[in-house]
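What follows are several structures.
Paired with chain B in one complex and with chain C in the other, chain A is shared by the two complexes that follow.
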Partner chain A sequence: MFNLFLAVFPEIFIINATFILLIHGVVFSTSKKYDYPPLASNVGWLGLLSVLITLLLLAAGAPLLTIAHLFWNNLFRRDNFTYFCQIFLLLSTAGTISMCFDFFDQERFDAFEFIVLILLSTCGMLFMISAYDLIAMYLAIELQSLCFYVIAASKRKSEFSTEAGLKYLILGAFSSGILLFGCSMIYGSTGATHFDQLAKILTGYEITGARSSGIFMGILFIAVGFLFKITAVPFHMWAPDIYEGSPTPVTAFLSIAPKISIFANILRVFIYGSYGATLQQIFFFCSIASMILGALAAMAQTKVKRLLAYSSIGHVGYICIGFSCGTIEGIQSLLIGIFIYALMTMDAFAIVLALRQTRVKYIADLGALAKTNPILAITFSITMFSYAGIPPLAGFCSKFYLFFAALGCGAYFLALVGVVTSVIGCFYYIRLVKRMFFDTPRTWILYEPMDRNKSLLLAMTSFFITLFLLYPSPLFSVTHQMALSLYL
Partner chain B sequence: MDTAICDIRRAFVFFFPSAYRDMSRFRSLLQASVNATKKAFTWNIEEWVPPPERYIFKFHSKEDLKKWHLYSDSEYGGLSSASLEIPDGGKGSDGTGIFSGNLSVDLSEGSKLNISRSGFCGMRSKKFDGFIDLDGYDAIAMRLRGDGRCYISTIYTENWVNSPGQTEDNSWQAFVFAPKDRWYTAKIPLARYLPTWRGNVIDVEMEMNPGRVLGMSLSVNAEGGAVGAKSGAGDFRVEIDWIKALRMP
Partner chain C sequence: MNTDITALEKPQYPVVDRNPPFTKVVGNFSVLDYLRFSTITGVSVTVGYLSGIKPGIKGPSMVTGGLIGLMGGFMYAYQNSAGRLMGFFPNEGEVAASHQKRGGSIN
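Here is the complex of A and B:
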């Protein structure tokens, strides 16, 4: 029997945890008796615990999900796709929160609201993934984005960081506005906002002769709004500035969690809701442009965080290849690509956070790493090689499957551009590795050892990246199931 | 062969004058992108980071002096005066700038603007279209020979929370001690610059954004300064050779 309460339990729990942690933080951090303690680490651990409990509640609700259920006036839907996607999102959030604890200590960052906002935005992302209506989708996107706008500007002392937060606010608000405009045009032209109804109206609409410019513009605007949010080219303008100016844990969050949930929404809206050739051209162009720009612009970068920003733009291009195909294989390759991208990005940002204390801002500062901290240098190299797509690492598997899917549906040019830009990308990733291992350092920087959370996270993610090739079938079958349940 | 190409070019310019302008712009663009690609492909590590030190201002010729303008309290009714010059010592590029003048703490009668503290002079770099990018540097170095007074070095950064009509930029100030009669390189870490507003230090912990520096200034006050430095009204004179940005290893 379908029990609504049990289905929504993860979200209920995480919202309650957010409020309880907020009250706990306010009461204790302003209490004179305890001498106004900084509660960022405290609330951080409790927040991590609540994310893991939410994950448990979600994962243990599995027997309900063999059949898809719509709930709350049909605004949300829980099926296999949302199940696995939400588990993946919660795992990424837990990993990223665990990276932040050292940052709180060393920067003397005493705003516990950081964690509360992250939990709230995680709840927004859970809703985003299970949204099944344009209104629900928009509300969840706004809940998630608003929290991120605030934490992107959390380093208030520095004007540079505040500028990055302001740019993120403008970019996000503008893209939400465009998205909402598209939703309203679709509602105006069709009278429907629910994805089931939209699927019946919009699927293949351009060949049934029922063309309407309102629908076309609506779909176009929604696509542009989504592309802004995943910072695909040509809508990527401020992304490197935002990534560079925000505090590093926030950059880590920005590049992992919203991308997972926005891609889930893209899949829902465009694969289920309005499947057609309208968008294939847009996403084709955007993925080609993202791959090319990501490869070429990253070559000229001298700062580590900007390099990671451009490489994430490039990776979004590869992942959009999977979307442009429109086949089940394409969706499956997109999901595999997102999963491996999230792991690699967590790896990369954990390393950047570990090196941050020793003032590594420029790539050239990495020179002494191989001699003073060889294990970290090897881990960094594994991550960079995986980004470059070198076998036998996980990045190669994801790119291989993406290009395979593109070839399978006849998008030969896409696969060709992908391969060429991968090779160009190899150049600067290998240049980083060369810098670490084979160049004499400019100045000898002594790297401090990292804390236990980051080292555990790095161990787990690099273990996965290295050994994924040996046993890829669980991920392949999970993503296949997700892709199938998207269509059914 | 050469003359044939010259003829073709001349004919092209004659028939399509605007196209020639666009062609040269296109050619310069092409040259710039070829250079950038070549730079990206070299393994030369030195180009990856900004150089460890970099000149911001030099005081070697009259052209360098044109970038600065002087101000003093005489605009507000005081009686101080200042001048900035390079003495013609024969060799053209060997001079050093001399900032000198007279400080007076008296206010002239009948001035409309009442200021509470008088006796300051300074030289400020003129505003230009663009920024001085000091991102990656963490200290300012100045080569000075002074008269034992304590000078104030100011960095102006862009202020983007101004209300309309207010043109003042963020100013960050630090004391520089110029010892008497010997050349001295003063190194001031950027962290020592304090945010100020209209002469008073703001008691807030703020981080400067060194990527958006609009200008610098060197000024002298009749009162205040470090213990042991000369202060008070009277003449002042400081010679400056250059101002550089440094990165401490």
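Here is the complex of A and C:
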């Protein structure tokens, strides 16, 4: 009986570690004996340690984790797809936590609960990735989302942060409600919440004539709920304000980790459960709209974080191309896209956090960065070129495979829109490079050297972005295995 | 509740015990398992100590790190030991011990 829990050892560990850190934080942050110490960094390091141990338990116990692969009333499934998505999620979380330490010192950020909530949301995301039932999926989504609502507003003295948290709460709760409504309609029409049962009922239901408005509306609502959460157009309105208002480490985490878990959920629910023409059309439209809006709206931005928010919306559009195809190559290109997007975003936000020490908020403040800090300017340029999809960087590779997958399944218009919007997107990415290398700022800003954690993270991510094209086969074989395990 | 212990992947090595009880798995901890356990605990205690210097809570932070490390190290060792007994990890030692035990009980 105890061996059933072997399958969820990583989740059990991270939950227990979170509780230990919470108790540690509560007891010692209010301790008169230790003079009420600020514990954000201390809990941060212990939280990072917890994430790395979770990663060790997950990575080292791979075949063991498929024991009781459908356990607890078949609520969760462990397979190659779950395994690699969870590893990727934990790596992203570790990278994001490592970016935060300097932020805690610079901003005198004293809330140790920040790290506890990140760990809790990570646990929610681990469950989301392995969820195999609509109820389990929804509960995991709520565990992840509720933590994010709080950490978006964690900078209590900033009205922007409070506004961001409130907006995220209202819109997140709204999208969760729509998602749950869709789940209830599917259950009402089919009597099933388990993905295996739904797959049997829903596969080809449009062709067989067993079409039911309840099923159709249910799938539509679930799709809308998910599209809200990944900030796809036309459900993207909340993203730029929340990305700008939240503390920068929260924005970094928000841009990376939930997208991995929600895309994993989307693939499980729709590719396995209920892929059809209706869904394909919805994602087709959202992909085109996201790419166009992401490209055009970002051109008008003057603030760095808002620009990255619109860039994120555009990239969601590119990633949705892979889903719109509905083929194994499409799913593989989607997974490659998410992986490379996450690394580029980690890189970009690490640089934004490093620049933040000197109060760089506007794009104009980047002027002459190449003169004051040339290495940082070169790294930022590489990241921007990668975002723009310029070869031979990783961003080019991800867009190439996405467009190839679109062409392979006959979605020529999608690929054309993708190429055109990539070209438009080049404008604002290269504008940043021009600003750093060729412009003179209004007021010169002295840049302080960044801390070791961020510089290590930047080195690793930049190394990957620059040299990925030389040896892409490990990522390709992993993503191919993941895509196959969805279809088999 | 689904209590089927069958894994998605078949065990690649000989199965000594398909569903070993907790005491058997802990009793099967090898030297390497104890080494892993102590390494993870040691690293966690060190991280706790070093991160506790700045806020001035070295001792409590060390204890918290130790707790996290103890739990993680034990789970890692348990995972490896159970994996060897179930045939998912290389297990020559366990197979030999099992044959010896069966040979001894027959005799």
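Rule of thumb we're sticking to: the second predicted complex is superposed on the first by the 480 of 488 C-alpha atoms of A that agree within 3 Å, B and C clash if a C-alpha of one lies under 4 Å from a C-alpha of the other, contacts with A are read in each partner's own complex, and residues count from 1 in each chain.
Keep this in mind: a residue touches a chain if its C-beta (ideal position, glycine included) is under 8 Å from a C-beta of that chain, and two chains touch if they have at least 3 such contacts.
What you see is a predicted model; the values in this text were computed from it and never measured.
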| item | value |
| --- | --- |
| Chain B versus chain C as contact partner of A:Phe28, first or second or both or neither | second |
| Contact breadth on chain A, by residue count: chain C or chain B | C |
| First, second, both or neither for A:Leu46, with chain B first and chain C second | second |
| First (chain B), second (chain C), both or neither touched by A:Tyr362 | first |
| First (chain B), second (chain C), both or neither touched by A:Pro38 | second |
| Touching partner for A:Thr231 - first (chain B), second (chain C), both, neither | neither |
| Which of chain B and chain C A:Ala60 touches, first, second, both or neither | second |
| List of chain A residues in touch with chain B within their complex | 157-160, 163, 299-300, 302, 361-365, 367, 431, 434-435, 439, 442-443 |
| Parts of chain C lying in touch with chain A, wherever the complex brings them together | 1-9, 11-12, 19-22, 40, 43-44, 47-48, 50-52, 54-57, 60-61, 64-65, 67-69, 71-72, 75-76, 79-80, 82-83, 86, 88-89 |
| Contact footprint of chain A on chain B as seen in their complex | 36, 39-40, 43, 45, 48-49, 136, 157, 160, 170, 205-209, 211-212, 249 |
| Of all residues in chain A, those that touch chain C in their complex | 1-4, 6, 9, 12-13, 16-17, 20-21, 24, 27-28, 31, 34-35, 37-39, 41-42, 44-46, 49-50, 53-54, 56-57, 60-61, 63-64, 66-74, 78-79 |
